[in-house]
Structures are given as C-alpha cells and as structure tokens.
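Shown below is the structure under consideration.
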Amino acid sequence: MAANHRFEASAWSNVLVVMPPALNVASGDTVVTLTLDAAGADAEGHRRAARPNPMNGPIHVEGAEPGDALRVDILRVDPARDTGWTRAALSATVVDPEAARDLPPRDLADWRIDRAARTVRLETPEPGLEGLVLPLAPMIGCFGVAPSGGQAISTASSDRNGGNMDWRGFGPGCSVSFPVSAPGALFFLGDCHAVQGCGEISGTGVETSCEVEVRLSVEKGRAIGWPRGETADRIFTVGNARPLDQALQHATTEMAARLREEYGLSDAAVAHLLGQTVRYEVGNVYNPAYTMVCSVGKKWLPEPT
Amino acid sequence: MAANHRFEASAWSNVLVVMPPALNVASGDTVVTLTLDAAGADAEGHRRAARPNPMNGPIHVEGAEPGDALRVDILRVDPARDTGWTRAALSATVVDPEAARDLPPRDLADWRIDRAARTVRLETPEPGLEGLVLPLAPMIGCFGVAPSGGQAISTASSDRNGGNMDWRGFGPGCSVSFPVSAPGALFFLGDCHAVQGCGEISGTGVETSCEVEVRLSVEKGRAIGWPRGETADRIFTVGNARPLDQALQHATTEMAARLREEYGLSDAAVAHLLGQTVRYEVGNVYNPAYTMVCSVGKKWLPEPT
Amino acid sequence: MAANHRFEASAWSNVLVVMPPALNVASGDTVVTLTLDAAGADAEGHRRAARPNPMNGPIHVEGAEPGDALRVDILRVDPARDTGWTRAALSATVVDPEAARDLPPRDLADWRIDRAARTVRLETPEPGLEGLVLPLAPMIGCFGVAPSGGQAISTASSDRNGGNMDWRGFGPGCSVSFPVSAPGALFFLGDCHAVQGCGEISGTGVETSCEVEVRLSVEKGRAIGWPRGETADRIFTVGNARPLDQALQHATTEMAARLREEYGLSDAAVAHLLGQTVRYEVGNVYNPAYTMVCSVGKKWLPEPT
Amino acid sequence: MAANHRFEASAWSNVLVVMPPALNVASGDTVVTLTLDAAGADAEGHRRAARPNPMNGPIHVEGAEPGDALRVDILRVDPARDTGWTRAALSATVVDPEAARDLPPRDLADWRIDRAARTVRLETPEPGLEGLVLPLAPMIGCFGVAPSGGQAISTASSDRNGGNMDWRGFGPGCSVSFPVSAPGALFFLGDCHAVQGCGEISGTGVETSCEVEVRLSVEKGRAIGWPRGETADRIFTVGNARPLDQALQHATTEMAARLREEYGLSDAAVAHLLGQTVRYEVGNVYNPAYTMVCSVGKKWLPEPT
C-alpha cells in the first residue's frame, strides 16, 4: 500500500549528486514538499538557502538500481505564497550578439500571484502591460536524480539525469522518468515557477515557493539514456546540451531509441512517424545546457511491445 | 477592386533573386497557382523542373519598394494529386553524431493523399504504422521575396527574405510579411507538403504538387528585418540561420523590435511579456539554414500604436 | 606562353555570381590588379564602390568548366597606400553574450602603413600600445569564384566557392583551388588587409587598397567540394559555415576526401594521419559564415597518386 | 626551500571534485608522478583504474584559497612505456553529419614509442603511412583543480577549472593557472599523450603512461575566470564549452579581462591588440566540452601593471 509522505526539507543542495538521503520512500509512494524559490526564499519569503536553485532532497526510493528508471508523476504544483519575481531584461543568449549591447539592466520585478483566482500579474506593470493577467501555470524548473560516474552537476545546468530544464510542460499531469545511476535513484526537486514562457528567456519564470506533490516509482530494468515522459496524449523525450541543435539531437536520438525499444518500430518506421508527426518544444535557453523536448502524439503510436 | 489571377508557371527558379517577373499584380490581388513538388514533379507526376524546390514566380507586386513589406495571406493550399513522397530515414543532422553511423538508407517512400477524406497515409506501411492515417495539413515549404544586395539564395536554404523555412504553420489562415528589397518585391513560392512534422527531420514532408491561393499586399513603409506574421490568435516572427540558437536569436530580436515598434512596449515590458508568454516552434533543421518561429498570443498584446 | 595582364577594374561586385567577365585570360596567365578596401576606397582613398567588400572581376579563365578546379597562386599582395583602418571594438560574436553589454562603440581607427619599412602601426596609439609596430603581413580577405546553381553570395559571407574567408594565411606563397561551377570559373578578389589576427575579431583587419598579383590555372577534372590549397610545407582545406563546429566539419571532411583521392589513403590511414598531425586555423568568426582551415604537413604525406 | 615530491598514486578519480587529498605540498614545490593512460593502464600496461581518464590526485597545495589561482609549470612529460594506442577512425563530431554514415569502425591501433630516438610510429602502418615517424611531443590531456560550488566534473569533459582539454600545447615549457575554488586547490592530472594533432579528432592522441613533473605555486589574490597561461613567448587563455564558438567566446572574454587587469589596457586597446595579433588553437573537439586557446605574443604586450 503506497504511503503518503510530507517531506520538510531542512538542508538544500546546489548540485545533483550521490549524497546521504534526506528521506526514504518505497516505490509508488507519494511525497508532498515545499520548495524554495530559485534564490532560496521560502513560502514566507525568508532566505533559507543559497543560489542557484536550491534543491529539496535527495529522496531515496527503495529498490531503484543503476539500469532502472525512476518515474516521477507530477500530481500537484501549487504556489505557497502570493509573490514571485523575475528579471526585467531578456537574456543576452537569446538576442543577436550586437543587440546585446542595448539590453536594459537585469533589474528584479515583483509579481502578484492570486492563488484564489489562479492568476499572475506584475505588481507594477510597465506601460502597455496593464492588462497582462496570466493564468497560473505552475511547473517544476529543476528536478532529477543523481548523475552517473561520481559527477555532481550544478542546479544551474542539466544533463542526462535531468536538472535545470525549465520546460513549461513539467506541470501537473506530466510524468517523466530519469535514468537511475545510484542505488535509490536519489531524487531532487526545486525551482518552481508560477508561470513561464518557452525558453526562460528573461532568465526566470515567475520564481516562487511551491508545494509540490509527486509519486515516485521504480521502473525495473527500463534502461534509458535521457529523460522519457508522457502526458495524457503524448510521449516525449528530453535532450540537454548546448547548442540547441545538440539538445535536439539528444532528444531525437532518444525518441528513436524509445520507438524501437518500446513500440517495436524499425528505423524506417521511426523516420516516417517522426518525420510527419514530431513536435519540438524549447526548454531552457538561458543556462549552460539548453533543453529541447521531442514528442509524439499517442494516437499515432502502435501498441507498446 | 482586387483582381484574382490564375498564374500558370512555365519556368521555375532554384534561387530567390531579382529577375524578370512572370506575373504582375496589384497590391491586394489574389493569385492561384499550381506548384511543383520538391523534386520538380507536377500534378500529373511529370518532372517539369530541377531540384531543389523549384519556385513559381517571381510575381511583381505594384508599388512595393525597398523599405516596405510584402504581406502574403495564405488563403488555400490544396494537394493537386493523390500521391506524395518522403525519405525513409532521419536526417543525420538531427541525431547524435555517432548514431548517424547506424541510419538506414535514404530510400524514397510513397504516400497516398486522399483529397476527399483529407487524409495522408503510407502506400506500404512499415510494421507498426498500419494505422497511421494523418489528417491532411497542407503548407508551403518554401516561399519569399528577392533578397537584398544582389544576392541569389538557393531554394535549399533561407534567410531574411524567407525561402525554404519548412514551418508547418505556413498553411491556410496564416499571413506572413517579408522585407522588400527590390521594386515589386518579386514573390516566389513552391515546395508544398501535404503534412509535415516539426523540423522536416526526415528531410521531407509529404512532398506533392499543390494548388495555392495567396493574397499579396504591399505594406508601405513597414520596414522589417525578418519575416513577421500572424495567425488568428498569435503574432510571430521568423529567424533563419544555423545553429538553431542563432535562428532563435534572430526571431527573438525581431519580435522584440516588433513589440517596441508596433505596440510601443519598452525593453523591460518586452522582457516581461516574452519571458512569461513566448512560444517557439522549430522549422527546418535539415537544410543549410535552420528556422525558428517566435510567437506571442494576441490576447496578451496591448493595442497596436 | 603565359601572359601577364594588368587589370584595371572599373566596376565592382558585392556578390560572387555568374556575370559578364571584366577580363578574359588563359590558364596559367598572371594578373596584376589594384583592389579597393572593404569600404570601397581606392589607393588614393577615394570611395569608388559600395560596401561590403567590393570585388574586382570577374575574370574568365579559358577552359575552366564545371567539374574542374581553378588554382590561384598568390604571388604578391602589396599595400597601395600608406593608410589603413580598423574598428576599435571586439565583435559581439567573439565575447560572452552578457559581456557584449559592455563593449565600446565600434569607432573607426586609422593605421599607418610604412611600405618601405614594411610595418603597420596605429596613427594614435591607445595607452599601452605605443610600441605596437607590427610587421606588414598582407593577405586577401575575400576571393573566390562564381557559386553553383545560380546562387549569388554576398561578399560579406563565404561558401564552397570561397568568398569572405579572412584567413591570415591567404598571402604570398599560398595557392588555393576553388571548385568551378561556371564556364570560365569567373574569379573575383578584393578586401585585402595589411595585417590581421586570427578570426578578424574586431570585424576588420587593417583594411587598405592593395596591388595583388595572382596566377590563374585551370585544373582539369579536379572535382573538389571546398577550397583546397597548399603552402610551401603544408596542404590545407577550407570550410565555411556557422557555427565554427560546422566549418571544422566541412574542412575535415574535405581533407579526408583529399587524402583518399589524391594520396590513396584508406579511411583508417586518414584517421591516423589527421588524428596525430592535423592543425586547424581560425578564419573569419565575424561574418555570417565562419571559416576553419584544416592542414597537414607535406612531410607526413605519401607520394600523390 | 621548495621540496621535490615523488607521488605514487594508489587510487584514481574520474571526476574533478573536492575530496581528501592524496598528497600535501607547499607552494612552489615540485611533484613527479607516473600517470595512467586514458583507459587506466600503467607503465607496465596493467589496468589499474577505470575509464575515462583516471586522474592522479588530488594534490593539496598549502595556502591556496578560493579567489587565488594555482599555477602549474609543466617541467617534464616523459612516456613511461614503449607503447601507445589510438582509435582508427575519425570522430563523428568532426565530419559532415551525412559523412558519418561512412566512417570505419573505431578499432584500436597500437603505436611504438621509441624513447631513445624520441619518435612515435604505428606498429602496423596502413598503406601510405609506412614512413610516418612522428617526433615525440608529449603533453597532458587532462588536468585541473576542484571546481566550484560542489560540482564534480567528469574527466571526459572540461570547464572553468580545467579538465580534459587535450590541447597539444600543454607540454614542457608551458605554464597554466587554474582558478582555485577549494582550500588547497586540489590538483589532478592524467591522460597524457605521446603526440596528438589539434582537436584529438580521432578521439585519442597516442595514449600512454607518462612520468610528469610539475611545479605547483599559489598565486595569491589572482582571481581568474578561466585558465590563463604562458609559454616562452606567448600568453594564453582557455575556454571550454560547446559549440566551439562558445569556447572561443570564453577564451576571448578571459583574454580581454586579462589584458585589462594585468596590462592596464582599455577596451579599445584590447580590440586593436587582439584584432591584429591574436592566434587561436583548437583543443578537444571530441568530448562534451570543446576547447579553444586564445593567445598573444609577449612581444606585443606592454609591461604588466
């Protein structure tokens, strides 16, 4: 019988790494936890940990071993306070090099999160944005498991094990599996956003503290190279690297492997299916590694093998 | 009173360039024309012109001058035959370099286009794809205007003036404006697809001959740097370059300029609006220049200035 | 018997393209011509043509046909005036994106070319550069032949046919062969620099007018994909593209082909030879296409086949 | 008085990370140590540690603190056995994507290292390479210090703290300083090559075990962002990232900072000096992060400030 854990973090990590777990759970258990924002502030706005993107965790999931995958079902992401913040300038990584000369200062801006109305708006709108009231669309910016080979990967970046991917699709209803490299998988999460455009191109979503509920399940023997996930109607893979071309290559190569392994398709079938139906979505294009998500509609897939 | 032209091409170009027009129209006129497929075959499957992507045109639009934009409203794209073709292998540009060693041969595959049912399917499905019947979603792969400075840009590639962008959004209901560099703008089009995934990652959509109807309108004094367009509910900009990061930079820089120029937003307002609402879509990642489309929902925009 | 031509240009092109030749020569003839600087100024400093990089030519070389190569021996590059100019800021393409915010304005700076002493120095040195007196090392920034397929390629960029490569190795004693796509090859040249670092990273070398002497020879049936050249002790290939990774891929793939075709090496031998002896040099990293030069010492090569 | 340490490693690391030191030395001491080859084989050819690139160390240097630099003078790199090995295929990262389909298998090849004659040659030369006898040019492929922020960086990759840079310039006579992030700096080294071309483009140099002698010196208060070094006649900086463009950006930005900080140059002076004299050399273009070295001749520099 699956247990429900409330996990109150008292220490946070700025790397994803093999380290002593803060919590032990069984496969299939759910965990509710309160995350800090990207700068380390909690639900009351108190600074509790250091930048970048302090992580709750790690959570040890019994039975997870290298060669397995850890499936994370995102059940709920709810802002835990009424305020968020962003940067007021585009990142220099997303404009033409010469145009970077003219970017404004990277000032902080405050946002109001109306949890009842489920909306997000600037505290002091710039002229022209007075009417900009966005629907709350909370998501997890940074999560994943301990990487392989003794690596410790900064929560500013991302890799095969997940990390700071900042894809707006990582909200409730999305499930994603990470390749396990350490006993217990060692799951970390944090850096939630109340809302965010593609790419996190101002260097932030609306950064805030959130209460997150996830279910953690071991997928025995599901050997994967990069994150593989699904939503109600699509399956997806994630590639993390720079340039974006390489992130796209990783995501596409992983999707091709998934279609061969899990759906029994030939290389030619993979080419036909992806060639005419694939969709890409852009995750982080701000931090060291960029993120690209490759997806296919479930309605186009044969039965899994 | 706008005229409706039926334009029967008898010569085709493999570059976008200043050359004698094949047709003269007034601003606001509509043109219906039959395009060849990417390999030069017509509606009867007869080879009429050479690869790559032979273009109908150019069409001279009266009154268009350098410093203006040419607006192209895509009114209709209808397959003109019951067959299309694709490649049966992913492009080596979209998989990990070492994985390219294992790609299958780039064989041709035939597709059946059911114009009544508005569906597309493989003639001889690979195992697992027997049920793959895709909705017809026709689009223009390659179109644009004569480039600046005496350049002649191959229809395999793309640049500020448009070209081989292969974005699946270039279907009916989409309008796009190109920067005019030559008197009359000199509009070219061709390379239509019955359906296509993002990125044209097998190197083809379902390549076929189409009957296309467009309205061509001069936007006097609308000086733009890259294609700017709109659909029913979004505005977008297009960047063409490699790597994809640079295409994204061009598209984002052009969108920022558009929001400043056409909606009066400050740089900080641009950062807030795009940072939390922008969407990116991947066009061609197969040909020399890659394509990225940057868009914003109209509902988030202030009144145009 | 080879003729020596003095070619006085009276019109200049800003694209490499098939166009009526300004001069006809036989294979093996030499040509002496005076080039304009990148901004179009002549030996007297008078503006004669428009930016970017106006080209003398094209020169039609008898007997050159598609499938041949045109060999260009650079015999002499001599500054034709005592002044040159540069930009006083690094290009935003060569610094970290966020660092581009702090670049100084792209002011012009004047340089003194001492043709007797064969030195180059700033007219008004910045503090710390009072002693900077560089040896004259003149080179051709932009040259090549008409491209294939009806393309017209801006002299700001480069491609398989050459163009604005800005490699400091293109000085006297260097020979380079371009793939011929048009009858007569149609050779263009211009944009000489009195001296230049790798990469042209301030966007200019010391830009000046030069008297250039080249020998133009048809290499019948030498089908090449990218420029191939040699110096006294090395053979080299050139790749032009962005990002630099892709330029390196083109240059390396062409070198591998050259070693197979011209020296009879197997793929494994190519890997051994290049793996342990290859050298790369960075050409232009400022303009749309970047340039990478791949070279091998002649002393490591077997006899040509 | 500087001590000379002979350091016999008995454990090896595949990450650069903060960990208990294997040796403590004073600033200015020299260390002699025997490295394993990239696959973990020692001077007798016995496998002692796991791939990739097992490191000797870390060596704790007294007095080194975050904000300092650790200067490493490479005094000697001598092969410790008569054999080395390479791969017999180019890396798929350095050829055109479609050309990767045709690469040969990545077989191992054996090389003979003649330590008396100081030459390196294939045990069984491919046809055409019978005469390929290369001068021994030993270098350190992978070295550096513990990275910042709790990161552990794989010895397959590289970053601000050094790592697997595979620059052929890292041989005797070269000195390089790494930014210190941990008390004692924690210096690691290994992965030496008997000889190597630029880029390590077959994925290996001639991999062997070497006896290396280095002097380790703390540079108090020399706060640097990326490795900075010097040879007899040049100063250099190193950038590590992918794509190569970004590695070049890091190296150039660091060189500009160095010229401002250490030589008192203005931004305009930096642009003039680098624009007309800079040289780039390509390090690793095989592993996750690529390496670019940016250098300037000492003869062009003013007195250090």
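Per-chain numbering from 1; labels A, B, C and D assigned in written order.
Everything that follows uses one rule, which is that a residue touches a chain if its C-beta (ideal position, glycine included) is under 8 Å from a C-beta of that chain, and two chains touch if they have at least 3 such contacts.
From a predicted model like this one, the values you see are computed outputs, not experimental measurements.
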When C-D and A-C are ranked by contacting C-beta pairs, first comes C-D
Given over half shared residue numbers means same and under half means different, the subunit A/subunit D interface is same
In whole angstrom, what separates the CA-based centres of subunit A and subunit D?
34
Distance from the mean Cα position of subunit D to that of subunit C, given in whole angstrom:
32
Distance from subunit C to subunit A - Cα centre to Cα centre, in angstrom
47
Two or more other chains in contact with one residue: find those residues in subunit C.
93, 97, 103, 242-243
Given the complex with subunit C, which residues does subunit A contribute to the contact?
91-93, 97-98, 100-101, 103, 243
Touching residues on subunit D, where the partner in the complex is subunit C:
86-90, 93-97, 99, 102-104, 107, 109, 120, 122, 126-132, 134, 195-206, 242-245, 248-250, 252-253, 256, 263-282, 285, 290, 300, 302
Where on subunit B does subunit C make contact in their complex?
13-15, 17, 149-154, 241-243, 246, 288
